[in-house]
Each structure stands twice: as C-alpha cells, then as structure tokens.
Amino acid sequence: MALVEARAIEKRFSGVVAVKDVDLLVAEGELLGLFGPNGAGKTTMFNIIAGAVRPTAGAVRFRGVDITAVPAFRRARMGIGRTFQVVRPFRGLTVMENLMAAVPSAAARDGRPADLAALLRGVGLEKRANDPAAALTLGMLKRLEVARALALSPQLLLLDEPLAGLSDRECADMLQFVATVRRSITIVMVEHNVHLALPICDRAVVMDAGSIIAEGTPGEIRKNPAVIRAYLGEDAA
Amino acid sequence: MSRAGSTAALAAVTVALGAVAAALPWLGVSSYVRTLVYYACYYMALGQAWNLISGMTGYVSFAHGALAGIGAYATVIALNAQWPVAAGLAAGAAAAGLASLVIGATSLRLRGAAFTFATLFFQELVLLIVRKLPAAGGPGGLVLQEIYPTSLPYVLMVVLAAVATIAVAALRFSRTGVRVLAIKHDETAAVAIGIDSTRLKVAIFCASAAIAGLVGSIHAIFVGSLFPDVVFAVEISLIALAVPLIGGVGTAMGPVVGALLYVGMREVFQVVAPGLHLTIVGLLILAVVLFMRDGIVGAAARAWATRRRTAVPAEGG
Amino acid sequence: AADPIRLGASLSVTGRFSDAAKYLQEGYQLWADEVNQRGGIGGQPVQVITYDDESKPDSGRILAERLIDRDGVTVLLGPYSSPITDAIATAAERAQVPVIGTIASDSSIWERRKLRWTFQAFPTSDYDHEGFLRLLGEKGKAIKKVAIVYEEAPFSIRAKDWALAKAKEMGLTVEAYGYNPGAQDFRSIVERIVAFGAEAVAMGGYYQPSVALTRQMIERGYNPQAYFFIQAADGVTREALGQQTEGILGRSAWEPTLETPAARAFADAYRAKFGRLPSYHSATAYAAGQVAEAAMKAKGTDRAAIRDYIATTAIPTVMGTFKVNAKGQQEGYHYIATQWQGDTARIVGEGSANAVIWPKPAWK
Amino acid sequence: MSLTLFFQLLANGLVVGGLLGIVALGLALIFGVMRVVNFAHGEFITLGAYATYLLVTQLGASPLFGIPLALALGGAIGWLIQAGVIARVTERPELDMLMTTYALSVVGLGAFAAGFGGDFRSYSAGPSGSLDLAGVVVGWRSLTVLLTCLVMGAATLLLVQRARVGLGLRALAQNRDAAASCGINVIASERLAFSAAVALAAAAGALVSLIGTTTPTVGHGWVLDGFVVVMLGGLGSVAGALVAAFGIGFVQSFASYLLDDSWARIIIYLLLYAAILVRPHGLLGRQEHA
Amino acid sequence: MLRVADIRVSYGQAIAVAGTGLHVPQGGWVALLGANGAGKTSLARAIVGLVRHQGRTTLAGEDISALPAWERQRRGIGYVPEGRQVFPRMTVEENLRVGAYTCPDAEVRRGLDMAFALFPRLAERRAQLAATLSGGEQQMLALARALMTQPKLLLVDEISWGLMPILVTQVFARLEELHRGGLTILQIEQNAREVLRRAQHAYVMAAGRIVLEGPAADLARDSRVVESYIG
C-alpha cells in the first residue's frame, strides 16, 4: 500500500488552474523527487497533501485513510511534516524553542520524542541553539525549517526546495543529512537544483502546467525529451 | 537560573507578597492604603488576564473590560438569587468564559488588527444589550442585596492577582507556552507542525476571560453596585492593556510593576497636578512605549544584563 | 485656634462633569467662610477638603476612603452625578459616615438599595416634567398630542414614567421615544415626532443631546407649539442656539433671579466674593453645607447623631426647605419652571410675576 | 412607510454616512499605509471641532472657514506628530504602534479636558434654514456637511487609487524596504499619509461642530463607528470604507426610526459580526496568501 | 562605478560586516561569494542604504554615504533583494509600476513591455496578486521590477534562488545581454559555478570580511574556492 495516495487532484484559484487531474503515489520508504518548471503546481501539491489547501476535486489518502477533509494540524500529528519554500520560522523564539514547539506531546503520539540536540547537530545549528531565530541568515533558516519538521518525528517529510539559498558545499551537507534521514522516513522533495538532487532520488515525477508529464527513475527522467524541453534545457541535459 | 527555577522563585515571591497584602486588613493598616492595594491587585489581575491572551498570542484584546463586566453581572445576579459566594464567583468566571467562546468563534479566525476591532466592538455591543436587558436591570443596573465586609473581596483579589501572575509565569516557560508563542510568530507554520492553533487560542482566550470574569466578580462584591455605563466603560479595557504595556508585555512581572505604578501615579498626580494628571499619565505611557521597548521590566532586565556584560535578547518580537 | 471640623467632597475637576466643579467648590467655600466668620460651629472652624475624581466612580470611591480614613472628615458632601454618589455611598455606608448628596438628581440610587447614611439634597428628577405639564394644563388647551424624548438612563426613565402617567391623567395622547446615551443623531426621532404629529415636545435628557435634538428639529423645519428641555435654563443654551431660544421652556433647581430673601442674600454674597452670579450648582453646594451646619450645631461631631438629625429634620436652606423621606430622597423642594425671553431664562409659572410666552414663536 | 418619509430617512442616512466616510477614510489611509490602528483619530476630530469653535466665538468668523482651518491645522499637526512620535515606532511590532496612538489619545483627551472643561461647546453661527424638496427637508448645515464630505472623499479616493503617490503609499504599506529600493521616499510618504489622514479627521471635526456639539470626547463616538466602517469595508480598503460608511448611515437612519437608536447600533454590530463570519476580510477586502 | 570602503554593519551586539569594502568598475560584472552568514546580504543592504551602517560608498565618483535608500535608487542603483520581497497584495503589473515609480509615464510603458518580453509568464499573470505567484514567478517579478528604471548598477542578491534550470540559464543570458548593453553588475550568488563563468572579477566573504579577491577565472580554479563553494 502506498503511504500517500493522491487521486485525480485538481486545484483552481479563481481562474488559474494550478493542478489538474494529478495522481501521485508515494511508496513507503522511498525518496521521491518532484520536479518541474516554476509555477508547475509542485508547492500546491504539497499544500494539498499537508492540508494547507483543499483540492477542488480529488482525494488524498495517507496510510489508506482518506484525509482530504482533515485539518492541517491533525495531518501533522498523523505524521506529515513539511518545510516551506519561503521560510517561516518563529522569529522571536530561540532555535531550540522553534524545535520544542513542534515536538508532539507524549500523550498524543507514542514513540520516543526526537532528540532535539542531535537534530540541531544534524543541521549544523548546535551553536545557535539559544539565539533567536530572527538573528539567523536565510541559509540557516532553511536548515532550521528542516530540523523543525523533523522534530515532529514525521513518517512523511515534504521538503520544498531544501537546497535553495545554500552554497554548493552546504548543499552537499544538506543532501548528506537528507540521506541520513531517509533511512527512516519517506521523503518527497521539490528541488530545482536538479543535478544535485536528482541522483539521490529513488524515483522522480515531473510536473508541468499543473499536470504530470513524466515519471520514472532518475536516469529515465534525465533523458526524457519532454522534460528537457519544458524544464532542464538543452545544455543541462 | 533554570527556567523552572525562576518560575518557582517568582511563585515564592508572589505568594509571599500576596500573603503580606492579604494580611494588611488585620495589621492595622489604614483602609485608604488597603483600598489602594486592592486597586493595584484589581488592575494587576486584569492585566495578567490580558497578558495571557494578548501578551502570549499577539491577539490584542479590547474586550477584557467587557468580560470583567459580564463576570460582575453574573455574580451579582447569582448572589442575589442566594447562591453561596463560591458559586457566585464561579458563575462570573463561567459567564465570561462562555462569552469569550462567542467572541472566539467569530473573531479568533481573524488575524492582527481585525481581531482587535472585533473585541473593541464587543465591549460596546454588550453594553447596548445589557441596557436593553430587564434581567440585568436595564439602564439602572443592579445592586448586591447583601453588603459583604470589604475584607472578603480584598483577600480574594489579592489571591487572584497572585495566582494569575504565577499562572502566566508557569505558562511562559512551559512547552504549551512555546506553542502559544509559535502562534504569535507564524500561525501558518505553527499549524504545519501540528499545533491546533484554533483550539489553543480558544482555550487560552477562555482561560484569560475566566480570570477577567473573576476580576469583575470580585470587584462587584467590592463595589456592591453596578451601573452598565460604569461597568462597561471602555476605560477598563484600556487599563487592562496599559498596565502590562507599562510593565512589560508577555512577562509575568510586567503587569505587577505596571499596576503598582499606575495606581501610584494616579494618586500622586491627582494631588500634585489635578487638572493635568490625565495628560501626564498619557505622556508617561508614551515615554515608556517610545523609550523602553519592552516595558519597565524589560528595560530593567537589559540594564541589569548590561551591567553584567551579557546580552539579553528582546523578549517577544 | 481649635482644631477644625473637617468635611470632604470628591469633585469632578476634570472629565465630563468638570464645568460644574468650580461652582460646587465656590458654593462650599462661601459656606465655610461664612460659618467661620460667624465663629465656627461650637467654637470649631470648619474646613472643606476637596479632591478631583476625574468624573469617575472608581476614583470617587478611593477618594472617599482617603477623606474618611486619612482626613477624618465628619461629613461627606456630594460629588457630581449619581454613579459617583453611589460609589461614595458604598464606602460611606461601610464606614458609617453621613453623605449629603449634591448633584445627584436621580432618586433611583436610593431605590435600588437601602442607603442609611446617604441623603439627597437635590430636587429629585422624578418631577423633571412637572412644571412643563402644569403650564401645558394652564395654557395649552388646544394641545392634544405630546411627545416625550428620554435618555435610556434611570433619571430620565423615571421622569418619563412620571410624566406619562401625569399626561394621561390630563387626557393627553403621549408617545415617548428613548435614545442611547451618547447619541448625537436625533433625526430619526424628529421624524417620528413629525409622523406622530406632536404639538408639544418635552426632552428629558442631558444637556448636549437636548441641544442636538433642538437643532435637528429646527433643521427639519418642525415647529411645536410648546417645547421644553430640562436644562434649557442654563446660559450655554444661548451660545448654542442663538436667537432660536426664544420661548423655550426649561426647569431649574435654583436661579439667581429667585425672589426669596435667602436666595438674594446668597446671590449677593457670592457675587461679592467671586465676581459672578452663582449657578444652581453653587446653591446646591451651599445648601448642602447649610444642612451639615444645622446638624452639627445640634449634634456636634457625632456622626450617628448627625445622620439621625438629617434623616428626620426639616432644614431651611437657600434652595428651600430641605426634607428627606424614609429612603433618604429629598422631598422638600421641587424644580422651578423657566422660559427663554429675550436674553435671559426667566422664572415663569407658579408664584412668578413673569408672563409666559405662548405658543412658542416659530423657529426661523 | 410613505415615499417622502423613505427619502427623508435616506437623506438623513446620507449625511451621517458622509461624515462617517471621511472619518473612516482617514483611518483606512493610516491603517493601509502604516498598519497603524490610530486610536488618536478621535482626538484629531475633536481638535478640528474646537478649532472651529474658537474661530467662530473668538474671531466671529463663519464656521465654514473652520473647514480649511482644520485641514491646515490637522495637516500640520499630523506632520509634526508623525515626525516626532509615530516615525519612531513604524518598524516596531503592531502593539507598540497601538499603544503609541492610545497614549496620544490619552494626552489629547487630557489636554482638551484641561483646556476646555468637560461641558460641551457650541455656536449658532453659520448656514441656517433648510432645503425642501417635495417634502424631503434637509438643512443647509447638513447639506454643507454632505457636500464637503463628498468632495474630500472623492479627492482622497482619486489620490490613493489613481495617482502615483497612491501607488507608492500602497507599496509602502506592504514592504517598506522594497518600496525604498524602488525609489519611494518612504519617510516623506508616511508623513504625507499621516498628515492627510489627520487633516481629514480635523475637517470632519469642523463639520461635526457645525451640526453637533463639541466636548473633549466628541471624537470617540465617531471614531468607534469609523472602526466599524473600516472593518466592514475591508481593512485598509479605501473604496470599501466609503461604501460601508453609507451603508451604515442608512441602517442607522432606518433602524432608528423603526426601532430606536440603541437597537440600530445593536443591529449594526450584529451585521458586522455576521459579515466577519461570512467574509473575514471585509466587503471589498482581499485575502492574503496563506 | 561603485566603490565601498570600511563598511560596518551590526545588529545589536552581532557584527555582520566588520569593516570591509569592494570595487565594481564601470561596465564590470563582479561576483560576491561566501558561505551562509558571511555577511553578503548585509553588505548589499548597506550599499543600497537599507541598513544602518558605517563606512563610505561612492557611486560614479559621488559620495552617497549619507543618502537614504530612495536617493541611491534615483542615482541609478537597482536592487533585487534576497528572498523576493515583492508587494504581496498588489498585482504583477502594479508591482512593476512601483518599480518605475521614479520614471516619467512614457518610460513606464516601455519598461512594462520590456519586462513582459523578458518574462512572458509575467505577462500571462499581469493581473494576479503577487502573493499568489509561484516562487519562481515571484523571483522573475523581483528582477523585472528592479530593471524598470534602467539602472546603471544592478545589485542582485541570489537571483538563481528557486529558479528552474531553464530559467537560470535564461536569466543569466539576460543579465549578459544587459551587461553587454553597458549595465554594471554586482552579483551575490551561491551558485558559484554559474557566476564565475560570467563575471570578470570576484570577491569572497567570510565572517564579515572580504577574504579573497581576484579575476573570476582565477578564483574558479582556486582550490580554496573550489573546495568551499563549488565542490
């Protein structure tokens, strides 16, 4: 059974069709790459899975349960963690408090709470634990986003452009970190930095103009002419 | 000092001060001074109630005067129906809590200034309705049939102020407190990490309203007589907000300092500069807002920290 | 010199009621000075201590505590307005200090609860419309329909109720329209008055709404044959309405033009001291002093005895003969009727030589 | 209800709506540009009213001159207050701003009370008489108010919606830094917006003194209704504010006639809460992206 | 063209830029590299006048150190801020019009045509609220907005952030075109590989200071740069 099963999803925003008739299946344990041009509807799909946006049509199942009408916070508690493309830290709270806010209460979920200190080390923010988030740079905030989502102890992690704003070196660190995390968690990652992100994916889906235009292994995607035309461009191929 | 430690220390100090204040009536202190202490505790408790919702979540409420008023009315009605005092107080807290659910249902969905407006109108709406309500005495208001000794509301108010202060301190450093502050900073992100912002906001608002309702209940016993225009004067909501602002928003000590200062200032200027005292109070508030970003408590903490050469980041934000 | 006997008052030096504070204070002052010139009471001079309550009941309550507790006053003299009087009463009843209310016309605060130590010294507002209806009975035989406008406040509601009953008794058709305290727009009420076809209008609300109502009736081109509002006698009416005041009826607790020896003596002394004519506030304050003086002369500084004396004795004052009923409401003197004639509000009706202008000249 | 009465009530509603519109316009302007809920707005209304009162009683001038006087005085004082006080808190949390304007309101109230006493002030000079249009009677004073409001309202609307200044003000409201790097003089613009709003408030005060009376708190009632209007119209939406102002004027006029003015106010508030439930962002307000 | 010296920026006690400077020659294309938190954005904000700072800034020989942000913009500095910073509750077209705030009306038209030609997607969405644009679309809008006034110097902070590969290529191509047309560019970028291919000169920042500088081609081969930023 797929972990996430989104069927026949459509999303219209007064006139604009952001997503149309998309079927997206995420298998337990995989790292799925979601690629596509700007405005293809990737973030919208994330919002639909995480519950920030209701689809105009279609249904989302998580572990076989229909969650289309479940509010966002409850989905988070069910195990769907996400990051935001545009960072949204709690600026007045310290880095550590940002993570603390996300730890599910013991009563609400079984399993042991995430080791916050280890998480901070993982994203390289251990020295900043007691600084207010407002004092971090954008790059640090990106990493804080990821750590905060992980503090939920999610089963599914939705990463919206985790590499954006990071230097190549830092990208490598981040990917390294993602690779550690993926051992225990299913991940869907949206990324434009294809040449770094694609190789680590198990599978990739490419969207364009609200629809899925290609699906397959990284190798297949790289060679797909439709993807090259719409997204990668000739010289990147 | 650890956070739990500082909360405990604060609690101890508050309890001790509360005990001294509560004992004043039996220590031969003049009733005038006791009245001032009473008013300080009244504003303190009301300020803490405000602090709980507005200081913590950033939703600025102008309804706290009205909530206290609802508590006052409920208590007087209950006591006049021969309920015991404890039940009468509970009625006040419950009525205000219920009213907050009504506001919450409409207004907590709004963010920022919209919420503030909605609470501002609530005040006015309740006044209009109470004036039309025969059960609430209409424009003439209500009186408490029985006159209680002043020591009863006095002790109750002192205790309430102390309890509210400790509650705010405990919440501020609890995990729930962190979650509430998360809502203040980014509600969308808070929801995405599993915080049920609606329930949490409603719960905090309801608790805050219940405290405000109790403040009103106790004050009703103190004054023994309710006029709708006096009970629901906008000014009371403004005091609820000015007191923590002067002292320091979102801190447990803020309303304590604010209330003492407010009452003290009022007494002094009433004698020193009768005609101008309102203007002076306004200027002082202005000075605090302009020159002490996080209230007097915040400024003091900074000064202290600077002396010890360590940086203290601004609280809240 | 002997220790003074202290009396205290919480005055609204600032806030909504501040204009009257000066007059009240001067009334108290004049009374105290005269008593002291006469050698005080039982050899002791009197002293009136006043503080500013900013027109707020909570402040009044604290000040009452201060006066009782720190200043040790024997008697409290009234503040301005009923809610503040009520707030002071709560403190005074607990401490068992007599209060002689000054500007508290609303007798409902003595209805809502038993006040043992607090007395009303102002004419009660229940009879606000008395003079107007009497004139209507004498002069307005042709008038069948009367509109009463009232504020949704106890004093005004009680006055309206009294007037409704009285008017029905007189065989008139009456309608009453309430408005929200703080209202500024009376156009809809004017429309209702017009639709009703009222020939006479009585406005029983505060001063500011009365002026607003008057202006909006003028604007609407509506002309009643008789028009009365309770505070019309005040000089400010002239400033607000200019020439349009002619013929407007009012009621007053006291006027410096009152033709009694006591009133004339008071008005002269007041003018000599302060360089202006006293208002009814000054007279009430002075009268409250006279009541306290009579009680203290008879009973010294024993508060309980003073209380009993005031509760049971008729006392002559500049306002008339002060007398309270069992509840503490003042029943000795009522209001007098006035009418704007030229540049002044003259006393008209009962016991006055001035002719009434009837009907009211149309507004231009 | 007869047709004449209907139009009479409609006309009455227009006058109140116009005045309310001007008050709300100023609030919307300040809120729209600086995200400031201006609690001191009422004091600026009061200022205009007292200024006109003094002009009439001290100099014997026509109260109509009070309008330009209030505009000028309000503009100047708004400029000074923005420069001296508001500018210091523009980049601080909303609460600080709120408190600043609240404190200004307290200072203003104290000053008026000390300067003019608590009782009302008024004058009788100025336009008198009424216009009778087939039984619908509107006083010249009211007409003056309505016309002035319409002119000022239209001018403000044009400024904000059409002119480039307006575009800059709106940009500024949304992102101060980005606006500055687009070449917008943010300081001057904020000052302009604030002083224009205060000028509007003071002018409204001059008009209030013309048809009503002046007390230290005269502005408060108007400003509370102004907030209702701003909220209904969509926070910061200038056009929405104007629509809502007249809507409330009519409800007020008709409901006061049919019931009484307390019920009218209760109805207005209940309508407002219903509107909040249905359209949380106001009649013409637009939702921000989540 | 642009010369900055001794710039210091601090936030409370934290020092973000610790007294450093750089030089961008007329018609040049200069890259500014550095790890997260190195202080690049702070330096940029000092140059455009958006943050309180010390130090000297001269543009085309004129000392603009004391000028506020809008005056600097009017003297020809275009700025594409980090993290988009569009006007969220304005439409795409209104955003662009704000970009042309200081232009005469005639040039506004021309600027709009140019922007829509450069990014056809924006033309499609001209009436959509900026907040509802996708991330990449917002990035295009921010760039187009800065170009509305035809600045002399363009300061770009992480332009490739969140842009799809095709668009990165396109945007760089467009920058090259503008550069050939005489535009001076100072570009902050994490995507070191792409910039160093096009820029003539580069600076590397670390801990608030310029620690390395040289011709871009040399830096692209410098082991320290390769190790830290290209990988």
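Letters are used for the chains, namely A, B, C, D and E, taken in the order the chains are written, and counting of residues starts over at 1 for each.
Everything below uses one rule, namely that a residue touches a chain if its C-beta (ideal position, glycine included) is under 8 Å from a C-beta of that chain, and two chains touch if they have at least 3 such contacts.
Small disclaimer: the values here were computed from a predicted structure and weren't measured.
Graph distance from subunit A to subunit E, where chains that touch are one step apart, equals 1. Taking the mean Cα position of each chain as its centre, C sits at the greatest distance from subunit E.
For subunit D, the chain with the farthest CA centroid is A.
Distance between subunit C and subunit E, defined via averaged C-alpha coordinates, is recorded as 75 Å. Between subunit B and subunit C, the centres computed from C-alpha atoms are 37 Å apart. We define each chain's centre as the mean of its Cα atoms; on that basis subunit B and subunit D are separated by 31 Å. Look at where the CA atoms of subunit D average out and do the same for subunit E: the two points lie 42 Å apart. Annotation for subunit B: residues touching 2 or more other chains are 128, 131, 188, 275, 277-278, 313, 316-317.
In subunit C, 14, 152, 180 are the positions where the chain touches two or more neighbouring chains simultaneously. Residue positions 132 of subunit E each touch two or more of the other chains. On the side of subunit C, the complex with subunit B involves touching residues 13-14, 51-52, 54, 56-59, 61-62, 65-66, 68-70, 83, 86-87, 89-90, 93-95, 108-109, 112-113, 152-154, 157, 180-181.
Subunit E contributes residues 11, 14, 33-37, 41, 82-84, 121, 128, 132-137, 139-140, 158, 161-169, 190-193, 227-231 to its touches with subunit A in the complex.
Every residue of subunit E that touches subunit D in the complex is listed here, in rising order: 48-50, 68-70, 73-74, 79, 81, 85-90, 94, 97-99, 101-102, 129, 131-132, 145-146, 149.
Residue ranges of subunit B in contact with subunit A, taken from their complex: 175, 178-179, 181-182, 184-186, 188-197, 313, 315-317.
Residue ranges on subunit D touching subunit E, taken from their complex, read 164, 167-168, 170-171, 174-175, 177-187, 286, 288-289.
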